[in-house]
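Take a look at these structures.
Shared between the two complexes below is subunit A, which has subunit B as its partner in the first and subunit C in the second.
Moving on, here comes the complex of A and B:
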């Protein structure tokens, strides 16, 4: 059993594109739930729209990748409007059910063979990142994300971050987007606007009595958080093929786990939570099968690979019960959760 | 591990699609079928698929393909019934034809059980922007027969009522638990799965002849699970005065953990209970029913009637309704709220467990995430009828069941759940108290 290899593989998730994608979407959730008090259980839908909007923009409309990325973001804004205008009046747990249902509708529509010509149905879409693109279909796609890569071909970095030019490009773009997103959110929540939304979180009626348009503020929160979710989806699409089976309800739940791990009402919590979530996932996902294969665990390796998901579920329960503010949060910030 | 390939294994793990068929699609999308008999492999785009009879691939079936600019290809399926054809253009239509003469005697191409859109041996497929598409053929006994619209409607109605009654068993439990404790219990789906998985395990232990005993024991285990869940988790959290949102997130975590625990034990495949391939007999026209359908519907009705009797007549049932109405008042008039809630958990779990067994026959098959597949439909039914009202849940379930089953007459059947979810959102927007709920329950 290669313990060092397992540690290094796990460490490579610290700055992996998927980790960055999770961090972006979780940051959106932090804005929704931690600062705005909105119980959004449909983040997977926002991510799916970001990813598919981009892929369809490239493949069906033949747009350059940067315009196609805006299609994905625009799709998530439209989704936030459609979802928010009627539902933001609903009580917390009702909003949760509506958002989870809306995200499932998005997924089922993307999965349906009725729109298979555009969405690729159950096969999903691939080949939209352009030359040097996805593994399965490297030749297709006009002017994809990869064409913007200024890094010459080669392998760079040091273990565990020893990667080719494409992964580095993806990583740098991701970190840039994430850094800007964190900065924007940090400025927003510490601005007068941020104080209003935190006020709405604590006591909606009190803020309304101060003459603020509560509904408009909530809608803005939903849109900004949704755009962050779409950026997360974009990162996933830059990294690999898009497939509707990724954007399932479990994805939203994993984001929630990462959020509550880091701290719901924090700016850096989502990043920290995502990193811990992914590094632990990778570590346990490699460690248990390795233990099973050398006979230290009485399971098959397939079973051993499942244990990490079981742990995620029960960790979420324990987190909410024993440390609802997360690792880096302040308990006083979560008194609104009733 | 290369970082940019890490999403791929996650993809295959997280598939919770509409069943094994879609799973097969997903697998095809991820790893190209390695054994398929391949023609024109040098061409950039691909049409692939398989020919199968009840999940078993049929080898050496001749499939021909025509496309734009006089493209013609013929391929024979390999030992697993798979084929792959390279095609020259994407965003184009191709006609795929199964040569029925090369099929084994006495079988023909039948409806695709998952999409129902795919019917005969001649199909047109579109190679989309992704450049790959899948065309599967399903083979079955005998000739295809045409079905009149009336027969279809009746068939859908019957199967809708069957589905609705099954949903009702799960929904009334969810609704009662919500009514008495305020928890939107996302882990209710896992109680549904538990009934089926426990039956499956007991059948494996005792043999298929003792199915009835396995079902009864599975329900006893469900009851124990409901009791244990409340005793170990929910009652302590209630005593801590935990908020409803936190309780909801706890239930989500529990749902995730337990769901993957099932996968840990039974794996990712679909298993069948004994009797799931029961003969269907004709009612009239082309409307058919199986003995399982009839048993499922009658037992559901009996259970729901017993439940209604309990809720209306028994002392505990009355106490349950009192707590749903006003927990504070109920407690101060001497009702043992914790005791009643414990009983509600037990009854809710038993009903959910039984609905899981019925769901295993309806789908058909047992899968680790089978409850999760209908969780939102259960929520839709409960909300439609009015959260916290038991009869509302029954009415809502029947409406959702019939809506889901009959909607595939008009919309593609892989979108049939969408209709129910749209209803769920609509009802929350315009009448959040539901059909039978009272307004003051909300907010």
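Moving on, here comes the complex of A and C:
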């Protein structure tokens, strides 16, 4: 059993593109739920729109990757408006139901063969990242994300971050986007605007009675959080092919797990939560099969790999019971939970 | 409470009405006029007010039995609910179809029967939220602190001053959720003052508040009037109504059944029938029949 190898492979997830993508989308959820009190259960839908918007922009409209990325972001804004205008007048729990349904509608439309010419239907889309292709499917496309790569070919870094130029490019772009996003969210929630949305989270009628346009604020929160979700989807698309089977409801729940791990009403919690979530997932996913293969666990290696979900689920239950404010949350805030 | 020597008797505004006193009587200087306001919930007519005027710079009490439609009427006037028909105006401008937050911006601020302190915001943040002048509340400006930090300091100074008056200044960094019920009532009222309102509508400000705190709340309400504001409040504590109200409006079954100065209104047989009961000054034990005696006459 190569325990060092397991540790190193797990550690590589600290700065993996997927982790960054999760951190972005979870940051969006933190803004929605932790600060704005909007129970968004459809983050996967926003991510799907970001990813597909970009891929379709490149493949169908032949846009350069940066314009195509804006197509993805614009799609998520339109989605937030369509979702928000009729539903933000509803109370929290209803919004949760509507968002979960809307995200499924998005996914099923992307899956549907009716739009197969554009969305690739069940096969999804690939080859939109241009020269070098995607990590998993290196095909040659035009005007994709990889064309912007200024890093010369080669392998850089040190174990566990020993990667080729493409992965580093992706990682640096991701970290830049994430850093800007975290700064913007931090700035927003610590401004008078942030005070209003926190007020809305506590009691929207009270805020309304003080002369604030609650609906407009909620719509702004939904849009900004949705754009962060779309950026997460973009990161996933920069990294690999897009396929509707990725943007399922369980993706949303993984994001929620990361959010609660880090702390819902925090700015750095989403990042910490995403890192912990992915490193832990990877670690347990490697450790259990390894233990099984040397006979320390009474399972086949395939069964053992699935046990991580049980452990993660159990850890989440413990977390919510004993540390509901998350790792970074303010304990004081939870003393007075209604 | 009213007999405590500490609180001197407030000066009542008189001569607020024009002509004979009857439900819907015209006022010399009305701030709020409601005309034919009617709200139905299915078959139930919750509010059906023919005409009512609220006098400016006076304290008006709205009383009536539970279910009389007082809170619904509040909701209608403040845009939290829309009536089926009728028109109503504030400072001569119609408020029909004006949304709640715009009503508040025009200077008509309300509080709620179930206190709405914003629990996980600090007392100071609760107060700052009341300010209507912070441009940093706009999304576009919020990212640039130099646009709003100066205003923020001004707002904080104003909030501190009001908090001192309400004796909440020592609590300013605590979460509102850590306050007692009475302190939350105070906070809600203080927060409403941050908006510089013209008309303050208080929905049962004294409910669940102990006598000593009631007294200080009374002082604050009288203070509002002294500062030139108009107060309309719903209350069941008749001592308090008698003590501070300049004018009393009585609602029952959605209608205004009586109006007038407090002392006169409380002698009105319709009011006694519908609301006060004929034993308001008698020990409750007698009324309920647990203590024997004087024979009970008509009782609702």
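Methods note: the second predicted complex is superposed on the first by the 324 of 338 C-alpha atoms of A that agree within 3 Å, B and C clash if a C-alpha of one lies under 4 Å from a C-alpha of the other, contacts with A are read in each partner's own complex, and residues count from 1 in each chain.
Convention: a residue touches a chain if its C-beta (ideal position, glycine included) is under 8 Å from a C-beta of that chain, and two chains touch if they have at least 3 such contacts.
Worth saying up front: this structure is predicted, and the values here are computed from it rather than measured.
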Kindly say whether there is room for both subunit B and subunit C on subunit A in the superposition, answering fit or clash.
-> fit
Kindly classify A:310 by the partners it touches after superposition: subunit B alone (first), subunit C alone (second), both, or neither?
-> first
Check the residue A:293 against both partner chains and state whether it touches subunit B (first), subunit C (second), both, or neither.
-> neither
Touched subunit A residues, subunit B compared with subunit C | B
Could you tell me if A:256 is touching subunit B, subunit C, both of them or neither one (first, second, both, neither)?
-> first
Report for A:116: first if it touches subunit B alone, second if subunit C alone, otherwise both or neither.
-> first
Determine, under the contact definition given at the top, whether A:301 touches first (subunit B), second (subunit C), both, or neither.
-> neither
Where does A:192 make contact in the superposed view: on subunit B (first), on subunit C (second), on both, or on neither?
-> second
Lowest C-alpha to C-alpha distance for subunit C against subunit B (Å) | 10
Taking the two structures together, which residues of subunit A meet both subunit B and subunit C?
-> 338
In their shared complex, subunit B is touched by residues of subunit A numbered 9, 12-13, 16-18, 39, 56, 59-60, 86-87, 90-94, 96-98, 100-102, 104-105, 108-109, 111-114, 116-128, 135-137, 139-140, 163, 166-167, 170-171, 236, 239-241, 243-246, 248-251, 253, 256-257, 260, 282, 299, 302-303, 306-307, 309-317, 319-321, 324, 337-338
Subunit A contacts subunit C in the complex at 184, 187-188, 191-196, 198-199, 201-203, 205-214, 220, 332-333, 335-336, 338
Touching subunit A in the complex, subunit C uses residues 78, 80, 99-102, 104-105, 109-112, 116-121, 125-126, 128-130, 132, 134, 136-139, 141-143, 145, 148, 152, 175, 177-178, 188, 191-192, 194-195
Subunit A touches which residues of subunit B in the complex?
-> 1-8, 10-11, 13-18, 22, 25-26, 28-30, 32, 44, 90-91, 115, 117, 126, 128-134, 184, 233, 237, 242-246, 248-250, 252-261, 263-264, 267, 372, 376, 379-380, 383, 411-412, 414-415, 417-418, 421-422, 424-425, 428-429, 432, 442-443
